[in-house]
Amino acid sequence: MKKLNIGIVGLGRLGKEYAKNLTYLVPNANLIAACSIRKEELDYVKETYNVPNLYTSYDQMLDQQKDMDAVVIVTSTDQHADAIIKALEAGYHVFCEKPLALNIEDCLRVEKITARHPDRITMLGFVRRFDSSYAEAKIKINEGLVGTPYLLRSQTIDKDTFAPFQIEFCTTGGGIFHDYNVHDIDLAHWYLGSRIEKVWALGGAYRFPEFGLAGDADNTAAMCELQNGTMAVLLASRISSFGHNTCTEIFATEGNLKIGDPPVKNMLQISDKHGIRREGMETFFDRFQHAFLIQIQSFVDHVLENKQPELTMHNATNATLVATALTKSFKEKKPVTIADLIS
Amino acid sequence: MKKLNIGIVGLGRLGKEYAKNLTYLVPNANLIAACSIRKEELDYVKETYNVPNLYTSYDQMLDQQKDMDAVVIVTSTDQHADAIIKALEAGYHVFCEKPLALNIEDCLRVEKITARHPDRITMLGFVRRFDSSYAEAKIKINEGLVGTPYLLRSQTIDKDTFAPFQIEFCTTGGGIFHDYNVHDIDLAHWYLGSRIEKVWALGGAYRFPEFGLAGDADNTAAMCELQNGTMAVLLASRISSFGHNTCTEIFATEGNLKIGDPPVKNMLQISDKHGIRREGMETFFDRFQHAFLIQIQSFVDHVLENKQPELTMHNATNATLVATALTKSFKEKKPVTIADLIS
Amino acid sequence: MKKLNIGIVGLGRLGKEYAKNLTYLVPNANLIAACSIRKEELDYVKETYNVPNLYTSYDQMLDQQKDMDAVVIVTSTDQHADAIIKALEAGYHVFCEKPLALNIEDCLRVEKITARHPDRITMLGFVRRFDSSYAEAKIKINEGLVGTPYLLRSQTIDKDTFAPFQIEFCTTGGGIFHDYNVHDIDLAHWYLGSRIEKVWALGGAYRFPEFGLAGDADNTAAMCELQNGTMAVLLASRISSFGHNTCTEIFATEGNLKIGDPPVKNMLQISDKHGIRREGMETFFDRFQHAFLIQIQSFVDHVLENKQPELTMHNATNATLVATALTKSFKEKKPVTIADLIS
Amino acid sequence: MKKLNIGIVGLGRLGKEYAKNLTYLVPNANLIAACSIRKEELDYVKETYNVPNLYTSYDQMLDQQKDMDAVVIVTSTDQHADAIIKALEAGYHVFCEKPLALNIEDCLRVEKITARHPDRITMLGFVRRFDSSYAEAKIKINEGLVGTPYLLRSQTIDKDTFAPFQIEFCTTGGGIFHDYNVHDIDLAHWYLGSRIEKVWALGGAYRFPEFGLAGDADNTAAMCELQNGTMAVLLASRISSFGHNTCTEIFATEGNLKIGDPPVKNMLQISDKHGIRREGMETFFDRFQHAFLIQIQSFVDHVLENKQPELTMHNATNATLVATALTKSFKEKKPVTIADLIS
């Protein structure tokens, strides 16, 4: 079996999961190198996954690890663009976690460099596209089962227990629209077959005033108009009391598809004095753990088959554009047209 | 509009509901008389429903209320047979709550008298047949939607809060098989198109030892073989912690019909620290309130249209026969064949 | 029992249901008069409900029916305001179907006259408040079960089979925002404890171009900001392929309440080659039939107890204001502030 | 990391899955040998999983593969007992797919040999115990969440598309009770904390007469009494039209736990002209794929930690005993007491 030699950069919570997947669960991948500025993270992957080559400098890894075929980037979002560009220019295939960047300039820089390296496979990780239920919905739409979609309602909602921990993450993550709704934006583009062109966002710090002080929100609602006349309604929340609750509903002319509702943890129903009930999932990772694996497997397969993924850097730029517009709309308390951002 | 003049006997909890339905909700009925040995119950229906003629003697009502067309019997079960026979012999149409009787002799007495009065409409109240979901399941089966049914799983489960109150009712109600499973037995006969011929019942007083001391159970399970080779599994329980839980599942060669699950109170879903949940129904009456109305309306219509109901006294006898066999099987701890009860 | 003598005006589909409820199902009501310009509708209620006094002129009914206590108005919406005003000035209590009117001037006229007749009970029919699940949600909120609500998502969705029939109704009904979303608007005000002050509406004729030609839409989405900083997202659709689908979700700081989902017809689950499935409801009337009864019963009780309902004419005005703003936003393709409508 | 060297015997559909899991998904396992009498199966695992040592003789593998620590047995059931015994006597740890055997003699032979090798880890694969929902139910019971269990209802139901293929498998698999209900039997023992002592089984070939001709059934129902007075109701079916449908319900004194219902394929809800629906799972493997992995991982961990699993060979014998009693009861059409089988 042909195997892909991979180096990973970024070994936080999600980075460690990629390391685990690449070590054990992707048969045609070899995780041969890892990079982090945190010594304890390098120690962890050495001990746990036996990664042979460790780096504290990304440039050094790119330069010295000659047998490496591809780089997997799981750093903080503000470093995505530079990391992608450096990897491409050093000749590697690249997988990068979503979102592409927090501003349009970075996105366009990446697009430009990507265009210069058409023989390098470049993939951005919008993980929901790889979830079996989201993927099945796309298949049903393509088969014409429910007619033509005209409205998408999509929400990204995290459990409240994670909110306190995320307050300091507001800045590096770009706020709730870049961090949460960027997924829903990409789904709107994917399912509705068009691009969002006008948005209005509302929101507030309804439970944790700290998010307000940081210029962010713990809950938002946004409405979007797409170029083809379809519509999208996007919700985001950091304060669900019962669990992670990602849900997407697609309204189409001859039917309706709903994904992820109810957001239950497993197949156990409990009936007792609290009623007839199901327990919720703790985190987005409980919900999308399998999709993360399918996604990185897909990247490896695309490289080995020398095939670019369906989702392009330009798609990723568009998602960031809309997240930027939503952030601006929320802050300036008025509708924002995408075209005005790039003129 | 032609209206039916009705007298009611038995004014307990369920009797009062019949009185309300007949007074307000059945347009072509006049509740003109009521009978109870309890003075306070007569006072109640006089005040609440303005029933003009009140009796403490059933014989007197039958004898004196010359303008009465029909009698509705909601007494305790041990009085059903005599009450039906007296009414028929006095020339009235009869509706009687389920079950027909607690022993076969009473059933056969009623059948004999009924046969002598073919011009009198006689109806036994197996209320589930009138619930819209149960009725719809029968329609789907008749239409052939799911092929041929071969197995029925049916349960009658009450909330535990009503158990203490029912301990003294064990004797007059005939025990859990006559009181609870008689519905499920009738459904087995109705949906499977045959008669139960052999049964084995288990059970125990798992939570309220008092039911054991009274020779009854708070939970039972029974398996039944029908004459046409199909099967039925019947559960009964007095101790649900989350609400009334009547559920029936019909397994057929090309599909499956499930009625009543989950047994939710309304259309409100609550998601909070206890999970994603729905509240249960308190009582069988919350579940079947509308069916009770449809049922008594159906009786009135049948009389006014001079048409016998689908369910005959012989069907009711068969249900009591099986309940008797289940009781015997439970007490003697061995399978019982129905034929052995009537030989 | 003290009974209220009622006259009804408007005997279309919904008017007939009010007539039935008032005749049979509201014990303390007497339907003594009915008015319609359509002779065949008067014939119908005479034959079916035995209504003794029939009028083709509303003025005449108000003038001549001296024993009448209250008027129930179920006319087309454009006649609501005048009908209410005339009834109040003639000294009657008034119940009127929603919405109050299609423009603000009519609403304010009614408010002014209502204020002059504080001894007359005046009630507007926002029926969802009387549905047991919606009412239970309000109780849970008042009890503090889920903390403070900050976002309401609410939709009014009809089955596609009714769309063709409704095209000509666009004009008299005021369009989809006045006809459909006015319920959701009232719920937003009720549950969120504030008033909508700014809206943006999108929409289109995605399946029936005829609605577009009539200046209306078959689907809309709207986002609303309330005075207290909370948010509402409102959807409306005329083209559900599987049934009526009214659903409301309340996001609160410590929990979530969802009402009406899944919008199933009954308690029958069918499993066959099409999957595990439930049938949907045909019409809003299948969904709210019981609430319509509870609502008119409530009106009768309020009159007999001489108590004004919780929902005032001013609340009704506010709902019409927002529906007007949504219509304007949809037509002018930009956000609309409520204050700008009334200045 | 300490790793376990494993040889596998039996490379049918399920065997290949074990090979995949052991190759890729169990980090501390090395699949170093494989045995099958079918040349093409050996070719498959060599090519696909790069298994280095291949055998057509089980004895030879046991004899020659000196670096092997443990054997995983996925042969047909009639070979389980001998394969276990040989492996133990050759000094290997053993994992064997369920059921232990089709007759009691074989079970007792295994128990005897197992007792002689207490230092060898021996594990029987009752996979449901490793499913996260089944495991969570056990935890809830142990925590006392629902009080004391007194009734288990459990069913194993396969999709009808697999029935034709299984007709010839009837003999080697031991029939529907050994092949399907043996799981439910083990769950009854596990959750109810006791052993089944008396059974009555019914059944028939309701859709595929071929099963009847083979002395088997396509549907069965069975009722069981346990030594501690609790009850179990077991269903099995080969003819579900909508998908695999394994479901277990535990009735306890203060609550109810239901596992696996509804048996949906994923988190996609489709609403269209067929209603509001979810698609079902195709096979038991779609349902228990993850549990199979957890299970074999658990075996490897138990060996490396030198710890015997909770489920003993005696438990496995008890399950086979009950399956044998059910088969006898079904064939002889009468209740069977377990004690009578072993005296």
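The first chain written gets the first letter, and so on, giving A, B, C and D; residue counts start at 1 in each chain.
Everything that follows uses one rule, which is that a residue touches a chain if its C-beta (ideal position, glycine included) is under 8 Å from a C-beta of that chain, and two chains touch if they have at least 3 such contacts.
In this text the structure is predicted, and so the values were computed from the model without any measurement.
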{"item": "Touching both subunit C and subunit D (chains)", "value": "A, B"}
{"item": "Most distant chain from subunit A, judged by the mean position of its C-alpha atoms", "value": "B"}
{"item": "Pair from B-D, B-C or C-D with over half of its contact pairs in common with A-D", "value": "B-C"}
{"item": "CA centroid of subunit A to CA centroid of subunit C, Å", "value": "42"}
{"item": "Chain centre separation in whole Å, for subunit B relative to subunit A (CA means)", "value": "57"}
{"item": "Averaged-CA centre spacing for the pair subunit C and subunit B, given as whole angstrom", "value": "39"}
{"item": "Touching two or more other chains - residue numbers and ranges from subunit C", "value": "146, 240-242, 254-256, 269-273"}
{"item": "Touching residues (chain side subunit D, partner subunit C) in the complex", "value": "240-243, 262-264, 269-280"}
{"item": "Touching residues (chain side subunit C, partner subunit B) in the complex", "value": "1, 23-25, 27, 50, 131-133, 136-137, 140, 145-146, 254-261, 266-273"}
{"item": "Residue ranges of subunit D in contact with subunit B within the complex", "value": "146-148, 150-151, 153, 200, 202-204, 206-207, 219, 221-223, 225, 229-231, 233, 235, 237, 239-242, 251, 253-256, 334-335"}
